[in-house]
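Structures given as structure tokens follow.
Paired with subunit B in one complex and with subunit C in the other, subunit A is shared by the two complexes that follow.
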Partner chain A sequence: MRVRAQMSMLFHLDKCIGCHTCSVACKNLWTDRDGAEYMWWNNVETRPGTGYPTGWEDQEHYKGGWHRDKKGRLKLILHSKGGGVAKAFYNPALPELDDYYDPFTFKYGDLFSAPPSEQQPTAIPISKITGEPVEISSGPNWDDDLGGSDLYARNDPSMDGVDDVVRAQMEEIERVVFNYLPRICNHCLNPSCLAACPSGAIYKRDEDGVVLVNEDKCRGWRMCVSGCPYKKVYYNWNSGKSEKCILCFPRLETGQAPACAHSCVGRIRYMGVLLYDADKIATSAALPDDELLDAQLDMILDPSDPQVIAAAKAAGIDPGWIDSAQRSPIYKFVKEWGMAFPLHPEYRTEAMMFYVPPLSPVMSTIEQNFVKLDIPDERRDFELLEELDKARMPLEYLANLFTVGDSDRIRRVLRIMLAVRTYKRRQSVDGVIDETTIALLDDVGITENMAEAIYSMTTTPTVQDRFVLPPYHREMSLEDVGDPLTAKGETGFGFLQSPRRGA
Partner chain B sequence: MRRQRPSGGKSPRTTLVPFGLIAISVFVAIATGTSSSPTEAQDVSGADLYAANCAGCHQANGEGLPGTFPPLAENPGAADPEYVATVITDGKSGPIEVLGETYNSAMPAIAGLSDNELDALVDHVVGLAGGGESPDPVDPVDPAEPPEPGDIDDGHDLFIGRNRFDEGATACASCHTAGEVGNFGGSSLGPDLTDAYEILGGDAGLSAWLANPPAPTMTPIFSDRPLTDEEIADLVAFLADAPNQDRPSDNVDWLLIGGLSGLAVLIAGMAIAWRGPRRTYVDTLRRKQ
Partner chain C sequence: MNTNDVLFGVLPYVAVTLAIVVGVVRWRRAPFTVSSLSSQLLESRKLYWGSISFHWGLTIILLGHLLALIVPRGFELWNGEPVRLYLLELTGLALGLWAAFGITILIIRRHTSARVRRVTSPMDVVVLLVIATQIVSGIWIAVGYRWGSYWGTGVFVPYVRSLLWFQPEPDYVDPLPLVLKIHVLAFFAFLAVFPFSRLIHIITLPLQYLFRPWQKVIANREPPAAEYVSNNPRTKQLQ
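Right, the complex of A and B next:
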């Protein structure tokens, strides 16, 4: 057993309202720079939809991630070793700028400097790259809230396997459904961006598993951009280097949650440490599709197990981190309650950001111009619980996103969430918890204590509950490198060297 | 990361072997009474040095080659030791009049002589010229059979290294170019030899030069790997013909045209293969509809 620590984030999709505050916080903090205008290290997509960049899940087009070859070995989809050399100067799997979007702003100055005229002055859109006027035809959220759109929602690659009748229904205006999917870099255990980089510029930090691009070593080959199945590595046209989400490690090191998580209005995001067994990475990523998710979840170790604690200490993991891992909300959601899954485990990168799948309204029908729910009024909770197949968001679709097509796992999670709701409603509205409700909890496989814990972690967590950040002890790491008091009493830390093209 | 020397890979015995060999050879040298340094003062022979460095052009007894290399015997200039020493160490080129005849060729500086050796050589030359003591008579060299005329093509092949020299000497084209030796010519490290035949005095002069090249960079290469008479004859024939051959630049046009047309074909192929800008993902979706 080789224990390592990973900082993970969890997205409770049932709480996401799609306000994009996370994206804006990230943009303001990290990518409001020349060459980074089009990058959204954090973005929120409307699902079903094609996302940003358009159709990123279509790996036949973008060739990201890993696949298992006929001999059961793990191979990059992008290219073989020899093929990588052959395509070094022409990589056909790169997204175009138009697949992201031509970043634009508005010429606000015209509002003040326009000469007097009959008409109101307007601020025309201009490209942030060229400064020329542009006609805006796409954007990172062009299909925002466009559930059922015939171009975007219909072409969602994850709709494969969903029944044609269901798909047709989803395009009817009364049955349109969508939810939101916030995405950041998944800081994978088996990153294909790292494997694709010919310069060895990408690395996974030892202490917290954050995947970073060394801007000094990056030579701008852009193999990481096509190698990442989530399209979360971006090429900066100004510096000639690749950039990606850094999980706000400067904030983590000073005890603050990442900006996207910190600013989240719906409080859907949780941060915490997971301990995992690094010895299993290679084998678990190369398993057949239906064993992938279990293998990945099995790698996550119980931080309260004495054997794991001993192994973690032997691996040099700080006791503060082990303590933090024991209190980690991520561990509770992923392992104790089994309610969260990584996004697209079939990409075999072992993504370490986790998602709790969302509930959706039940299907309705139109009768005499009235919208009528498809289930009888009495005991509605239980009906929905029993008939999740009638939920508007098809389970197969969520299963394609999170569980490699296994909709039973999604069904189990949604039933837990519904059972907790019913339980709390009985408790707070009726004041009595009847036998039927207890039987319901039994049926979905949780206890009353678990129901209370899930409830409080879902609806009333404090900041300390949501963000259990380990002590980074940067002051100790700094002492290893040099005297931390070198710059004491001075006005700054000297000059930072900015990355240069070809440097 | 620093790589560590693998420990225990080499036994102490193997490291001692070279010392053992040295010890044995020293013992053998002492026991047989031979000296391992042949360049002691008393061993220096002016005649030997002359044969090695000078006789190629000035001939065995300093008689020179009429019209090409001036004689040393009976040459009043060569009786002046200081002048002789200067010419040996610095070389000499340009027109010179000796005994009423004008010579115009080049003599390279003879490098690598110790003071003792220079003194011995100067003494020998001055002796030939009739100054100082009369030198030991040198056995007259057997008059060489008149060499058969060489073959120009063979000489060309030897020059560019297509055929190797028998004794393994370096091909001329490693340093020199001459006449037509391929589209890109030979090397420009040494002088262009196109006019060497004329400068070095025709058949006789060039043959003498090649038999024992006195140029300081060539001596160490060719002293152990002399050219055979046949090779010399072939090279002389080739170099004699060199001024008449096409200059390499006459062929470069063909290369230029071939290269440009190849590039045009490549660009045309790319224009056909990758016509128009790449389609975005949304465009492909719209086309599917």
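Right, the complex of A and C next:
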């Protein structure tokens, strides 16, 4: 057992309201620069939809992630090592700018400099790259809320495998459904961007698992952009270097949650430490598709297990981190309650950001101009529980996103969430919890204590409950790279160069 | 010392010194500026036709020149049979034309794509001019002064060797036609421009990728932390 720590984030999709505050917080902090204006290290996409960049899940086109070859070995979809060097002159799997969108702004100066005239002056849209007028045809969140659209929802790669009848229903205007999917870099355990980087500029930090690009070593071969199946590494056309989400590590190191999580209006995001067994990475990523998810979740270790604690200490993990891992809300959701999954585990990168799948309303039918739920009246209280297959968001679709197509696992999570709801409703409205409700909890496999814990972590968590941040001990890290006394009186960075484009 | 001596006896040393000294300083002091500066994100279709032809054509031709310099005897022996001489010359010409096709597209692309123009620096224009001169003069020689792989070993190899042994003999080049001189001078210009331009990406060709493990985890300190002695800057690469 080789214990390592990973800073992990969890997204409770049932709470996401799609306000994009996270995206804006991130943009203002990190990507408000020339060459980075088209990048959204954090983006929120409407699902079903094609996402950002358009159709990023279509790996036959974009070649991201790993696959298991016929002999059961783990291979990059993008290239072999020799192929990676041979393709240095042209990367055939690189998304183009228009796959993201042409960044634009408006010529606001015209509003002030226009000569007097009958009409109000207008600010025409111009490209942020060329400065020339543009016809805007796409932009950030161009497909926002277009759940049933022909252009976006219908072309969602994850709709493959969803029953044709269900698909047809979803395109009817009365039954259109969508939910939001916030995405940041998954800071994977088996990152394929890192493996694809010919320069060796990308690395995973040992202390917290954050995957970073060393900008001084990056030579702009752009293989990481293609290699990442989530398309969360971006090429800065101005600096000629690749960039990605850094999980706000400067904030984490000073005890603050990442900007996206901190600013989250719906409070859907949780942060915490997970301990995992690094010895299992290579084997678990090479398993057949149906074993992938279990293998990945099995790698996560119980931080209260004395053996794990001893191994963690032996691996040099700070006691503060172990303590933090024991209180981690991510561990609770992922392991204790089994309610959260990584996004697309079939990409075999072992993504470490987790998602609680969202509930959706039950399908309704229209009779005599009245909307009627497809549920007998006497069972209204238990609503969806037994009728989850009638949920507007098809379980198969959610399963394609989170559980390699296993809709039973999604069903189990949604049933837990519904059972907790019913339990709390009985408790707060009726004042009594009857035996049927207790039986219901039993049926979905949770206890009353668990129901209470899930309820309070979902509905009423404080900032400290949601963000259990470990002590980074920067004072000790400083000692690792030099004598702290020599840095006395310096700014702390040693030297700084402006990130100017080379000639 | 006449002009010929300066151009072919002094200039090569200036160019090589610039390439090495400035190259090393830039690599060490401003590594952020070292990049292939790809513009594929902004324009991909023309780049496909331009970049692949240009890079492969030029790289193979350059390696051919280098080979002639290292084993001139081998070239002479190979060319002993006329058929093989024709084959070699034709291959060289074809590669030159391939590279010329590539650079033509790249120049057109820089000129016509507004997005690519945005990331075009004056130095990029210089680089394109120098390399275009190199390619055009090379093709000219291949057509106008045929069988270069045959006579080149007798003219250029002694000249370049004289440079390498620090006993420059620019007189070897003096009687040659102008276009041959231009071809040689363009190479010196290429070397001189190399450290100041994007050409520096040539030495970043990531051959080390072939030998590194797939994954890379970097730790500040070696575990276990308890035994660690501070003030000792160690960076251990795990896995």
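The criterion applied here is as follows: the second predicted complex is superposed on the first by the 481 of 503 C-alpha atoms of A that agree within 3 Å, B and C clash if a C-alpha of one lies under 4 Å from a C-alpha of the other, contacts with A are read in each partner's own complex, and residues count from 1 in each chain.
Heads up, the rule we're going with is that a contact is a pair of C-beta atoms (placed from the backbone, for glycine too) under 8 Å apart; a residue touches a chain by one contact, two chains touch by 3 or more.
Quick caveat, the model's predicted, so the values are computed rather than measured.
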item: Fit-or-clash call for subunit B and subunit C when the two complexes are aligned on subunit A; value: clash
item: Touched partner set for A:Glu60, first subunit B, second subunit C, both or neither; value: neither
item: First, second, both or neither for A:Glu118, with subunit B first and subunit C second; value: neither
item: First, second, both or neither for A:Glu435, with subunit B first and subunit C second; value: neither
item: Touching partner for A:Glu96 - first (subunit B), second (subunit C), both, neither; value: both
item: Touching partner for A:Thr130 - first (subunit B), second (subunit C), both, neither; value: second
item: Partner contacting more residues of subunit A (subunit B vs subunit C); value: C
item: Subunit A positions touched by subunit B in one structure and by subunit C in the second; value: 95-96
item: Subunit B to subunit A touching residues, read off their complex; value: 278, 280-282, 284-286, 288-289
item: Subunit C-touching residues of subunit A, taken from the complex the two chains share; value: 4, 76, 81-82, 84-85, 88-92, 94-97, 127, 129-132, 190-191, 194-195, 197-200, 202-207, 215-222, 235, 237-241, 278, 281, 313-316, 318, 476-477, 479-483, 497, 499-503
item: Residues of subunit A that touch subunit B when the two form their complex; value: 50, 53-55, 58, 61, 95-96, 98-99, 138, 150-151, 155
item: Subunit A-facing residues of subunit C, complex; value: 30-42, 44, 47-48, 51-52, 54-56, 114-115, 117-119, 121, 123-124, 196-198, 200-201, 204-210, 212, 214-226, 228, 230-231, 233-234, 238-239
